[in-house]
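Encoded as C-alpha cells, the structure appears first; notes follow it.
Per-chain residue numbering starts at 1, and chain names A, B, C and D are given in the order in which the chains are listed.
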Amino acid sequence: MLDLVSLRRDFHRHPEVGFTEFRTASKVVEILTSLGYDVIYGQEAIDGDSRRGLPSEAALEAAYERALRDGANPAIVEKMRGGYTAVIGVKKGKAPGPTVAFRFDMDALPVLESTEQDHFPQANGFRSHYEGNMHACAHDGHTTIGLGLAEVLAAGDFSGTLKLIFQPAEEGVRGAYAIVEKGHLDDVDYIFCNHLGVNVPLGEVHGGSYGFLATTKMMAHFYGVSSHAGASPEQGKNALLGAATALLNIHAIPRFSTGDTRINVGVLEGGTAANIIPAYAKMVVETRSITEEVNAEVENRVRNIIAHSAAMHELDYKIEVVGGAIPINYDVEMAELALEEAKQVEGFHSFKHGAYNSMGSEDASFMIKRVQDRGGKGTYMAIGTDIPAPHHHPKFDIQEEILPRSVALLNRIARRLLT
Amino acid sequence: MLDLVSLRRDFHRHPEVGFTEFRTASKVVEILTSLGYDVIYGQEAIDGDSRRGLPSEAALEAAYERALRDGANPAIVEKMRGGYTAVIGVKKGKAPGPTVAFRFDMDALPVLESTEQDHFPQANGFRSHYEGNMHACAHDGHTTIGLGLAEVLAAGDFSGTLKLIFQPAEEGVRGAYAIVEKGHLDDVDYIFCNHLGVNVPLGEVHGGSYGFLATTKMMAHFYGVSSHAGASPEQGKNALLGAATALLNIHAIPRFSTGDTRINVGVLEGGTAANIIPAYAKMVVETRSITEEVNAEVENRVRNIIAHSAAMHELDYKIEVVGGAIPINYDVEMAELALEEAKQVEGFHSFKHGAYNSMGSEDASFMIKRVQDRGGKGTYMAIGTDIPAPHHHPKFDIQEEILPRSVALLNRIARRLLT
Amino acid sequence: MLDLVSLRRDFHRHPEVGFTEFRTASKVVEILTSLGYDVIYGQEAIDGDSRRGLPSEAALEAAYERALRDGANPAIVEKMRGGYTAVIGVKKGKAPGPTVAFRFDMDALPVLESTEQDHFPQANGFRSHYEGNMHACAHDGHTTIGLGLAEVLAAGDFSGTLKLIFQPAEEGVRGAYAIVEKGHLDDVDYIFCNHLGVNVPLGEVHGGSYGFLATTKMMAHFYGVSSHAGASPEQGKNALLGAATALLNIHAIPRFSTGDTRINVGVLEGGTAANIIPAYAKMVVETRSITEEVNAEVENRVRNIIAHSAAMHELDYKIEVVGGAIPINYDVEMAELALEEAKQVEGFHSFKHGAYNSMGSEDASFMIKRVQDRGGKGTYMAIGTDIPAPHHHPKFDIQEEILPRSVALLNRIARRLLT
Amino acid sequence: MLDLVSLRRDFHRHPEVGFTEFRTASKVVEILTSLGYDVIYGQEAIDGDSRRGLPSEAALEAAYERALRDGANPAIVEKMRGGYTAVIGVKKGKAPGPTVAFRFDMDALPVLESTEQDHFPQANGFRSHYEGNMHACAHDGHTTIGLGLAEVLAAGDFSGTLKLIFQPAEEGVRGAYAIVEKGHLDDVDYIFCNHLGVNVPLGEVHGGSYGFLATTKMMAHFYGVSSHAGASPEQGKNALLGAATALLNIHAIPRFSTGDTRINVGVLEGGTAANIIPAYAKMVVETRSITEEVNAEVENRVRNIIAHSAAMHELDYKIEVVGGAIPINYDVEMAELALEEAKQVEGFHSFKHGAYNSMGSEDASFMIKRVQDRGGKGTYMAIGTDIPAPHHHPKFDIQEEILPRSVALLNRIARRLLT
C-alpha cells in the first residue's frame, strides 16, 4: 500500500521545473509498472516538436544528471533525456467499455522555498533540496493523487480502459499540447482534470470551473548588427530600437468589443555595452482573451507588429510560441456527476457545480478540447484545501489529508463511468 | 529702356507662390518677346510630371483667375494653366560659340507682409496686393535683373547662345528639377546662378558658394479605417498610431559618421473627432546631408520606417517627393572669372572667391550638376545687399541700387564667355 | 395649436451645432413665452465657465449673424450671444406639488445632408439650409416634442411645477453639465430624458436604458519653440515629438480588471512646414469606462502622460476638458411608471423596462445624477422610430407620426406625477 | 634589470578588468618599492566615491581572492580591497625642479582570448589564465613600459620630481577621474600619456592626438510595481513602458549645429516573466560630442527624458554616471618636444606632430585637463606597433620590441624636462 504522505513529501523535496521532471517521472514509471499498468513514456508519450518553452540543452542535461544522482532509474530516465518527461499509465478493464482519463501535472516552480519554521515542509524536514525550485502549486500533491488512484484501480475490476496522464510543464502552459499532438487523447471518452486549492477551502468541491483565458506566450528575437556607437553608428542595425518600438505598439493594440483582452510584454533584454549599437534583443509577450478567436486575433496583431518593428530597422526576427492555452468549456453533465460522487466521500461538505477559477490559464484545456472535439466529455474540477499562503508563494502548502480524500473521489468517478 | 525699379515694384506688388507665378511669368514672356528673344514657356519649358509639391488644382485655378484679373496676357497664361510657369528666353549671337545660361527664380513666399511705415515697400506704396503672400526672398529682384540682362544683350552682338532661365518654385526646392528633366540644360556650357542678400553686405560679391545641403522633402499619407472608438475600436485601423510610430523612429535614425545629417518631421495631421479611430494621417518629412549619398541613405531609411510603421497597423501608405536639392560644387574657374568681372563694376569693393552660404538648400543645384555632368561649368554667386530683416521675414527688403549693378556684372560675365 | 410637423421641419432646415443654436433657441423662447411659461435663458440658464468644447469666437459670431439673418428675434438672441443657448421653461401648477423636469436637446451635427431624392427631407423640401450641418440625430424632433408638451401643459392644471429644459450641445456631451452647475436641477424631484430611435423600432418604448459609458473628452495643447530644422535643430523644442510620445503611451494604458475601458486619440495636428521644428501640436483624447471611477483613473493617467511627454521635450502644455458624461443608473420605479403610461397611448405596442443603449455616452447623465443625489428620481427612455439610415448618417430621418405620440406619452407621465 | 618581455607576458597571463587589478597593481607596488620609489596606493591613491562603474562587491571579492591565489602580496592587496587599485610611484631628484608625470593604464577587457595557434600569446604559452578576460588593448604593455621607465630613472639623477601614475579602469573611462579628485595631478607641471597601437604602424610616433570625444556613460534604473498581467494589469507600474519610451526619445534627441554628437542606448533589460507586469528595468546610455558643452547639454536632455519617461508611468528612477571623459587639447609644445626626442631613439622613423585618434574617448583627458587648468602642459602620444587584429579583438597583440624602445623614448622626455 502506497504511503501517500511520504510519496508527496519525496516529490516535494525534489521539485523539478517544466520538462526536467526526470526523477519525478521515473518514480511514476516505476510505481505504475509495479502496479501492472502498461506504461508509455519518453518519446512515445509526447511529441518533441510540439513542446513549448523547452529549457536550454545545458539546463536539461544538468537536471538529468541531478536526477541520476538522486535516485532516478537510469534505464528509465535515459528514455526521457532531452525533456521527454511525460508518462501515461493504461489499465484495460476486464470487459469492454469507455475510456476514462485523468490528468495530473508534475512540474515545480522556480521559487525559493521558505526556510521559516512556521513553514510546514521546513519544520517537518521535507523542504526543497533543489535550492531555487519549489512545489508551490500543489503539483506534488497532484502526482501523488494520480499514483494513489492508480493503486486503487490496479486490479482492473471495471469495464473499459483507464488512462492516467502525468503531464510535464503545466506552468507556463507548455506541456499538455504536445501530449495531445501525440494522439493520446484521441480515444478518450471522458476526461477529468483537477487542481487542489485555487482559493477553494478544505471540504469544498467544484464540479466544473470557468473563466480560464485563452492565452499565447511568445518569445521574439530581434537580430541586428552591432557597430561602434561613436565611430560608425550608421553601420549598426539597432535591435533595441526595433524591440522598443514593438513594445510600445503591442501595448497600444486596441480594446476589443468582442471580448475582454490582456496584453503584456513581460521581458525585454538587449544590448551588451554602452558604446555598442545593440545587435540582439529578445522579448517575451503574452496575449490573453476570454475567447480563442479574439486571442488569436490579438496574437496575429502582435506578430505583425513585431515583424514590422524589426523590418523598420532592417532587423531579422524570429517568434517562438513558448506556451499557450485555450478556454475550458466543461461539460455540465460531468460536473454534476463529479459532485454526486463527492457527496458520497467523507470530508466534503460544500459543493458547487461550476465556479470561477482565478488562476488565469491552464493547458489541460487542450486535452479537454480534444476529447470534446471527438465527441467525448470532460471537466476541470477544483478540490479545496486551506493554504497558508497563495499559490506560487515561498510559503505555499497544502493539507495532506486531502490526498486520500481526493483519491477516493476520483476512484468513485472512475468506477461510475467504467461500467 | 526698362525701368528696373518700377518692374521690381510691380513684381513685389503681385507676389505669386511656387507654380502659381502666372502673372509674373506672363510679364517675363511679354518682355522677352518684345526684346526679340525666342521664348519657350508652358509645357515646353517644364516637365509636368517632374514638378514637386504642386499646389492643389483649386489653388492653381484661383491663382490663374487672379492673374487674369490683374493684367496677365490671356493668350500667354493659358499655356501656363495648371502650373507650367517656367520661361526660357534664348538669343542666338551673330557667330557660333558656347551656350551660356543664367538662372533667375520668380516665386514668392506665403508670408504676410509688414504694414509698418518703416517698411520701405509699405511706405512707398508697393506692398503686396496679395494678402498673405510676399516677396520676402528677393526673387522679385532676381526676375528684374534677368529682364535687365535680357535687355542689354538683346542685340545678340556676341558669339554663341544666351539662355535666360526663369524658374518657378525655388522655395521648397521644387521647380528646377523639372526644367532640367525637360532637357534645357543639356546644351549649356556655362551656367551662373545667383542670389541677392544671403547675409552678404552691399558692395560684396562671392564668386562661389558652398555649404548647400542635399535634401529631400516628402509627404507621407497613411490610410486606415475609421470605426467608433467606443463601440468597436478593434474594427479600426489607426492611422495616427502608424504615423506617431513613424515620427519617433524617423527622429531616431542614427547619426552618420560619413557626413552630417538633419532630419525633421515638420508636419503631422490626422484624425477627425474624439470618438473616431483615425482613418487618415499625413506627415511632412525632410532629410538633409552634406552629401547626396548620405541624404539618399537617410531618405531610404525614412521610407522604410514609414512603410513598416504603416504595415504594422495594417495601413496603406503613399510617399510623395515634394521637394529636393543636391549640394553645389561650384567650379573655381567660374567663380574667379565672376570676381574678375565684378572688380570692373563700380559699387563692388569686397570680393570672396568662395564662401559659406547659410541658406540651407537650393535646387539650382540640379541645373549646375546637369551642366557639369555634360562637361560644362557653373557657379552659384552671392551679390550683397544690406537687408533690414532676415530672409523670409515680413520686413525683408533689398536695396534697389543693386539691380542695375547686378545687370552690369552679369552682362560682363556673359560677354566675357560669349566670344 | 402648434403644427408639430411644420415646427420640426423648420428646425430641420436650420440645423445649428452645439452652442450655436441661436435661431432654434430663440424660437423656443418665443413659443414658451407665448404659452405663458416663465422662461429662463441666456446667462441665467447656463454657467458660462462650465460649458465644454465651446466653438471659437469667430464661429460663434458667424452663427449668431446667420441666426439674425434667418429670423431669430434680435432681442432674444442678444442675450444668448457668445454661446448661452440654453432655455428653461417653468410652469407652476395651481397647487403645490413636486417638480417634474423633462430634458430636450436642440443641437445638430456637422454632417452634410444627402441630396438624394429618396431622402425624405430632400424630397419634401426641408433639407438643411446650412450646408455641412444636419439634424442627423433627431434633436429637431426632440425640440419639437418639448414644445408640444409645453402646449398641452400650458394651462397649469396640475399640482406642482413643470420644468422643460432645452439643452444645447448634447453632441460631444458638452452642454448638460453647465446647466446642472447653474443649479437648475437642484429642486427637481423627477426627471425624464428620452431619445427617439437608437435602434428601437416604431411602436416600442423603453422605460429605462443602461450601458451608457462614463467618458471624458480632452483637448491637449503642446507648446514648444520653432527653429530651422537645418540650421539649428537643437534650438527647437519639438511639440510633435512630445505629442507622438503621448499618443503612443496613452494607447498603452493597461486594461483594467475593475471595468471595461476605451481610449482614443482621435485627432493630432502639429507643425507648419518641412524645414521648421514644430512649435505647436494639439491632440484630442477620449477616455471611457463602464464606471465613473475607472474613467477618472484612466483620465488621470492620460493627464500624467501628457504632462510628462511635454516636459520630456521641455514643452509647455494645457489640457482642456471639452466634453464628458457619466453612466446613467435609471430608477426602476420611473421606468415602470413610464411604461404603464405608454401602454395607455395608442400606437405603442412593445414595452421594455430596461434595455441596452448602444449610443455610447449621454450628458443627460449629469442631470439625472444631480436629481438622484438630492433624493429625486429619474430615467432615460427610448421611444422607437424606424430609421432609413443610422444616427449621424447623411440620410438619417425619423417618422413624424412619433411626434404627437411622444407628446401624449410625456403628457401622461407629467400629469401622473404632478398631482 | 627588469626583463620587460617576461613582465609583459606575466601581466598578459593575468588580465584583470577595471578596479579588479589586484594582482597587477600589487606587482607594480612591489617593483616600485624595490626600486626605491615612494609608493602611494590603496585609498591614498584614489578617491573612492569618484570611481565610476565599480563592479559588484561579489565580483570585487572574487577577483581579490583570485589575486591572492595567484601570488599577489597579501599585505599590499589588503589595502586595495574593494577596488582601490591605483598606484603612484614618486621619485624626488637630487635638486629642485618641475614635476613630470607619466600615466600608464593597467586594466584588461572582458574578451575571450583566441586559442588559435597563429595567435602569438597562445603559441608562446602566455595566453590568458583568466578565461573570458584578456589584455586586448595593450595595457599589459603600458604597465610594463611604466615599470621599465621607473627602473631607468630609479637613481633620481635629475632635478625635480618624477611621478608615475598607474591607473585602473581606463576601459569604460572610469578610473582617471578618481585619481584626479584625490589631488595627485595638482602639483604636476608636465604630463605625458600614451597608447601603443591605435592604428599607428611600428616606427611611427605621434607627438599629440586629437579627436577624442567628450562622453558620459550612464546607467538608469526604472523602479515600478509588478502585478499579474492577467488578473490585475492596472495595479502594475510598468518599468518597461517607461524604459522603452525613454529609449525612443533619447535616440530622437536632435542633431546639434554646434558640434557633432553621438547617442546610444547600449543596454536595456527589464521584466521577469510573460505574465508579470515588469517592475524593474535598467538602461545603459552613452552620450558623446566633440565639445564638453554639447555633451553636457545632450546628457541633460537624456536625464530629462529618463526622468519624465519614468514619471509618465509613475515609476521611480535613478541615474548613475558609470563613466566619462572629456576632449583632449594637447599642448603643441609638448608634442614637439616628444617628437624631437623620438627622433633620437633608434627604431622610430616616422613622426607626426598631431594626428586624429580614432579610439573615441580617453579618461586621461581628465588628468591632462587638471594639469593644464593649473598652468601645466601635457600631451597624449601614440607609439606605433603593427597589430594582427584590431584593438578589443580576441587576436589582438603587440610587437614586444616596442617595449624597450618606448622606455627609451619616455626616459629621454623625462630627462629633458627634469633639469
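Rule of thumb we're sticking to: contacts are C-beta pairs under 8 Å (C-beta built on N, C-alpha and C of every residue); 3 or more make two chains touch, one makes a residue touch a chain.
Heads up on the chains, UniProt names are A, B, C, D = Amidohydrolase.
Keep in mind that what you see is a predicted model, and the values were worked out from it rather than measured.
Chain pair B-C has a twin interface among A-B, A-C or A-D; that twin, with over half of the contact pairs alike by residue number, is A-D. Each chain gets a centre from the mean of its Cα atoms; the one farthest from the centre of chain A is B. Centre-to-centre separation between chain C and chain D, using Cα means, comes to 68 Å. Here the spacing of chain B and chain D, counted between their Cα centres, is 52 Å.
Chain contacts: chain C has residues 231, 233, 241, 245, 248-249, 251-252, 254-255, 262-263, 277 touching two or more partner chains.
Across the complex, chain C meets chain B through its residues 172, 213, 215, 217, 228-231, 233, 240-241, 243-245, 247-248, 251, 262-278, 281, 284-286, 288, 322-323, 358, 360-361. Residues of chain D that touch chain C in their complex: 231-234, 236, 238, 241, 245, 248-249, 252, 254-258, 277, 297, 304-305, 307-309, 311-314.
Within the complex formed with chain B, the chain D residues making contact are 248-249, 251-252, 254-255, 260-263.
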